[in-house]
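Across the two complexes that follow, subunit A remains constant while its partner is subunit B and subsequently subunit C.
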Partner chain A sequence: MRYLRPDIQLLGLVVINAAILIAAYQIIGARFLSPFNLQSMAGQVPEIGLLALGVTLAMIAGRGGIDLSGIALANLSGICAYLILGPFGDSGFSGTGYLLALMALSVSFGLAGGIVNGVIIGYLGVTSIIATLGTQLLFTGIAVALTGGSAQTLGFIPELDDFANEPVAGMPLSVWLFLGVALCVAAWLRLTRSGQQLYLMGSNVKAARFAGIPSKALLLKVYMIAGAMAGVAGVIIAARTSSLKWDYGTSYVLVAILVAVMAGVRPEGGHGRVICVVLAACALQLLTSFFNFLALSNFLRDFAWGVLLLAFLAVMRVDLSGYWPLRPARDGPD
Partner chain B sequence: MKHAKTLMRTTAVAALVAASPAMVFADTREVVTVVKVTGENWFTRMEEGVVAFGEQNDTINARQVGPGRADAAQQVAIVQDLVAQGVDALAIVPMDPSTLEGVLRRARQQGITVITHEAETLENTDINMEAFDNTEFGAHLNSKLAECMGAEGQWTTFVGSVGSLTHMQWAEGGIAHAEANHPGMELVSPFNESFNDANNAYELAREILRTYPDIRGFQGGSAIDVIGIGRAIEEAGLEDSTCVTGIGLPQDTGQFLDSGAVTAIAFWDPKDAGFVMNRLVELALNGEEVTDGMDLGVPGYESVSVTDGPGDGIIVRGQAWVDVDASNWNDFPF
Partner chain C sequence: MSTADTRATSGEGGIATPGTQRFAEWVAAHPSAFPLGLLLLTCALVAMINPAFLQIGNVYDLLRASVVTGLFALGVMVVLSSGGLDVSFTAIGALVMYVITRYVIDHAPDMPMAPILVAGLVGGCLLGVINGVLVNLLRAPALIITIATQYAFRGFLLTFIGTSLVMNIPASMSAFNDLTLVQGVNADGQRVRVPAYFLVFAAAAVVSWLMLNKTLIGRAVYATGARPEIAARLGFNVARVRVFAFAWAGALAGLAGILHVVSNRLANPFDLAGNELTVIAAVVIGGARITGGTGTVGGTISGVLLITLVGSVLIQIGVPSIWRTAVIGAFIIAAGIFYAWVDRAAGRS
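Our next item is the complex of A and B:
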């Protein structure tokens, strides 16, 4: 019953993705749609997509929720995992084993960082923008202290490189992993009790508390999931760049928020769909690569992102539901 | 159905029209210079060299791009898109060499020639070009500083970031020189990171002046460090009691050289560096070998030294530094 009305956001994002693809095909030609370029573009989506999903969950939770610590935690998780495992040559693992161990450790550290966020925000009641700004600096600081500020070079590990680049069934494994994670998050939100409670809590925190929804535990869960996704992002970064560094992707903080807002996740909480986040991340990547193909200035790209962000915020302000005929008219004194 | 066919035909024709310019200039080779960040004077000057080279060579289409923000992740994304486009060669000034190893390895597997600048540790490059030996340059900056300070008192070093290899080599070269030759110089709070931002350098310099009121010397790392430090020193009215040396551009630093806030700067001309990188690209594309003592036709690069790099590539070094102070900064038009 909930989705009888068409999701304008979803439709709009599909149209935007298609429009960019068509424009790129017209201007650049078939080169843009070659399997190699499609894989190359897809391979760039997971990092930002995972961080945007984290921001999305924090936003759905309401109370102006946001997660600024995502990329800092991704870098820290990857660095910690690498420092424990040691260089590939000394670790005694096979390539695949090394990748799995790196993933397991990085996700664990991501979870731990998420618990820190969740406890500060959920149990101590600190506003999330302040709390995650603090933990962002904390995570960055730890990463700098552990590495002395220099990059940790992993060297060439074929299995790790393949994970982020070698297409399996059309797309690199990292992309399939991202889609799998997105599917899990969507299922959690849609099918489980706590997922539904999250939307309710985001819509009205006070009502949720009086209705007996366990807000604190729910917030902890949200930031733990966001942290785990940051841990996955850390491994994908390591695989793509063969290195780990504390300041990689500092511009991602804002881009992740942009993706979430483009996807129609309401900053005031209670609303947002995972598929829209995935599509928004794709649209942004298509646009970026399109601009790179056209050899346009990267400032123009920042400008275009800014325009997109404002346009989507403006569209969200327009409430079309009043024009929808199915909605019963309400009368009586206001 | 008929409409769909017409539409497809139109699309196909449009695509052909769009693709045809590329066919006409099929023998022009696409060479892209990727810099750390667009819009900084250093790289604007470098673009002059890239453009000049392109104008002199009909067979090479040379252009320069770079991220709008100094973030290694954005540079990796640009390089990845260029590899997907299938350019013939890349000339790269890496933000952080280790983050590019993965994407450059794939670029070379695709047969793309890779030339780098300021990346002595990078393995996946055909030729890395350095204007000079970095440790010697750091020692040179330090000897200028010591001369001004009378080899006595507290001093500190700035770097763009602790991940910027050349900046660290200059700072460390300077520190080693001071330790070996000037026991009266006391290093305090070394490796301040300006993140290639004059405002950050200014704020940092103000902090340092507050923390160490007796400080006498600053050695800058990023090209804009001396500007920020100079501004802080002018504001504090310490032009006569402090010394500042570092890399910088003459026109940017001129007012501070005149006021005495900055003692002396040295630099290598980014225009020449941009030109020489593209010249090396041309040699590599033509299959010519770069040999010890070779003349690349640009002052300072008339007799280059060639050594083995960390990977299977080579390192080419010139002797291209220029000393500038209040007396001669106006001789340089940039």
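Our next item is the complex of A and C:
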């Protein structure tokens, strides 16, 4: 049970989720908690959650690590996969086969993009900010050039639509897939040697070097995983919106960082829990839907996200662990 | 990283033969020479592929097109030199330009150009101070904080101020656009000119150079960027230096916003957003490191001219302009890799 240790961050996130649900129920009414709305909200969590997990891994690795190329790579992977497979009607695949082929190709492209990031950062020694700013522009630019800037419409494919929207055991398959991926990442971080080494490297780069931690290979691994997750996000976006476009979700660059910071992932490295990221992604989605119900404009929402990110950075500066009676939150692996 | 560590790194990778190490040391010691050389090389290459490129009109066009990017870039360079990073400058520029243009039209339509420019400077400076204070208070990476303020400033502008275009800009701004510094006629008979507002960019470059090289605060900026703990022991107030750098960037961004309205003859609140990475590309190619302490005015201007040139000559050398974004991304990556190698090989990282 120690992996579910209720630190104050986790508890805070549960409270935040509950508070948003209650506030939305009070203001909007039962409509907000209808099964349809809950499923529709859940269906939107995976893409942002996957990108936030990528940012989280980069942040845990330390040295100001961050991955700004996530959504650009997700769009590019989805677009490349679709361009190779061609429209569903001409591909000769069954619906499920098409989905699986799309997934396999998109994850491969995501992995390739992640390797590009990992090699530039890990082996060529470029800071992750510059490297991923550059690849963000590069991936976006390739997607623009390949599509001529226009949206790729997949059309209605029942299996794809079901994957992102049709509940199985309460939630769409895409959500189960996201939870599965999150579980794998958590297991990698907590149970494997390289996961533990990642936390150590993030908390003290110099000590990690003297301890013989292979930091270059580890960085490559981090960005490969982040890239693969971006590839999965690309397919989920394609399935949910039935289209792919190079500039889909531009605000996800901020939102992914916001989710990670909300989850208590420290930008200075060495600290962060996957379950908190999942809960933070849920909270942010609840808030987005709440704003949609209130018919707030996208601009006001962007304003709110900016202010919220500053607010959470401020909260992070206040150390509440001394007031937490059970066990103070510890840095690093446990 | 200490020198001993660096030696170990360069030894293990075997990256520095004596010749390449001398080259790396030369690049590190002459920060503006490399981007300038790259700019001249690019011009020579384009001229070889398409001789029509070599005419005075293209120079005029290049100078005119680099004003707004150049002002932004000078500010970002100062912030990078102080060890920070700013991605909110386009939002600052948009907010300042829209608020001021609207205010002048509604309340003071006869306001001359000089006070408008000063208002842009002051408005941008105040927003920059917000960035700097937040970076000090929240002690989080400047990138994350300025991403947040970027959304906050832009969201504030579009939610609370307005989303409609302002087509009839104040008379003084329109007249300022018509003021011409030099003009000429292209080979195809097209009239080309360098507008007088180019002088604002030139003045900003000179003042930034004087600030960085001839004043104590300039030394403080570099010291804070390179080694904050040593700067603090030298008696510099590191927090105040950071606020100063962000304020400088904000002021130049405000100025850039005003000149954007002048050159386009309209104030569109949706403009400027999305240009952050082009500006950062120019600054990084110009030799400023994200690790602080290295930016130069000369390098930055060369980087700006190079990026502006690359954006506009792709068609002339037969590359479809749709590849522009990807090419600029590749430039950022290449510059990042190159300078990371220079720092390792010259033992400066």
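By our rule, the second predicted complex is superposed on the first by the 307 of 334 C-alpha atoms of A that agree within 3 Å, B and C clash if a C-alpha of one lies under 4 Å from a C-alpha of the other, contacts with A are read in each partner's own complex, and residues count from 1 in each chain.
One rule holds in what follows: contacts are C-beta pairs under 8 Å (C-beta built on N, C-alpha and C of every residue); 3 or more make two chains touch, one makes a residue touch a chain.
Here the structure is a predicted model, which is why all the values come from computation and not from measurement.
In this overlay on subunit A, subunit B clashes with subunit C. Applying the stated contact rule after C-alpha superposition, one finds that A:Lys245 touches subunit B and leaves subunit C untouched. In the overlay built on the shared chain, the residue A:Tyr25 is in contact with subunit B alone; subunit C does not reach it. Contacts of A:Gln44 after superposition on the shared chain: subunit B is touched, whereas subunit C is not. Shared-chain residue A:Ser297: touches subunit B and subunit C both.
Once chain A of one complex is fitted onto chain A of the other, the partner contacts of A:Ser106 are absent, as it touches neither subunit B nor subunit C.
Of the two partner chains placed by the overlay, only subunit C lies in contact with A:Gly306; subunit B stays clear of it. By the touch criterion stated above, A:Thr127 is placed in contact with subunit C alone, subunit B being left untouched. Shared-chain residue A:Gly149: touches subunit B and subunit C both. By the document's definition of touching, of the two partners only subunit C reaches A:Thr140; subunit B does not. For subunit C, the stretch among 39-47, 75-83, 111-119 or 165-173 that collides with subunit B in the superposed model is 165-173.
Common to the subunit B and subunit C contact sets on subunit A are residues 148-149, 251, 297, 299, 301-302. Across the complex, subunit A meets subunit B through its residues 25-31, 34, 36-37, 40-41, 43-44, 47, 148-153, 156, 161, 164-165, 237, 239-243, 245, 247-252, 288-289, 292-293, 295, 297-299, 301-302. Chain contact summary for the complex, subunit A toward subunit C: residues 64, 66, 120, 124-127, 129-131, 133-142, 144-145, 148-149, 251, 253-254, 257-258, 261, 267-268, 297, 299-307, 309-310, 313-314, 316-317.
Every residue of subunit B that touches subunit A in the complex is listed here, in rising order: 11, 14-15, 18-19, 22, 38-39, 63, 65-69, 71-74, 76-78, 80-86, 96, 98-103, 105-106, 161-163, 191, 193.
The residues of subunit C lying in touch with subunit A in their complex are 85, 134, 137-141, 143-145, 147-156, 158-159, 163, 277, 280-281, 284, 290-291, 320, 322-333, 336-337, 340-341, 344, 349.
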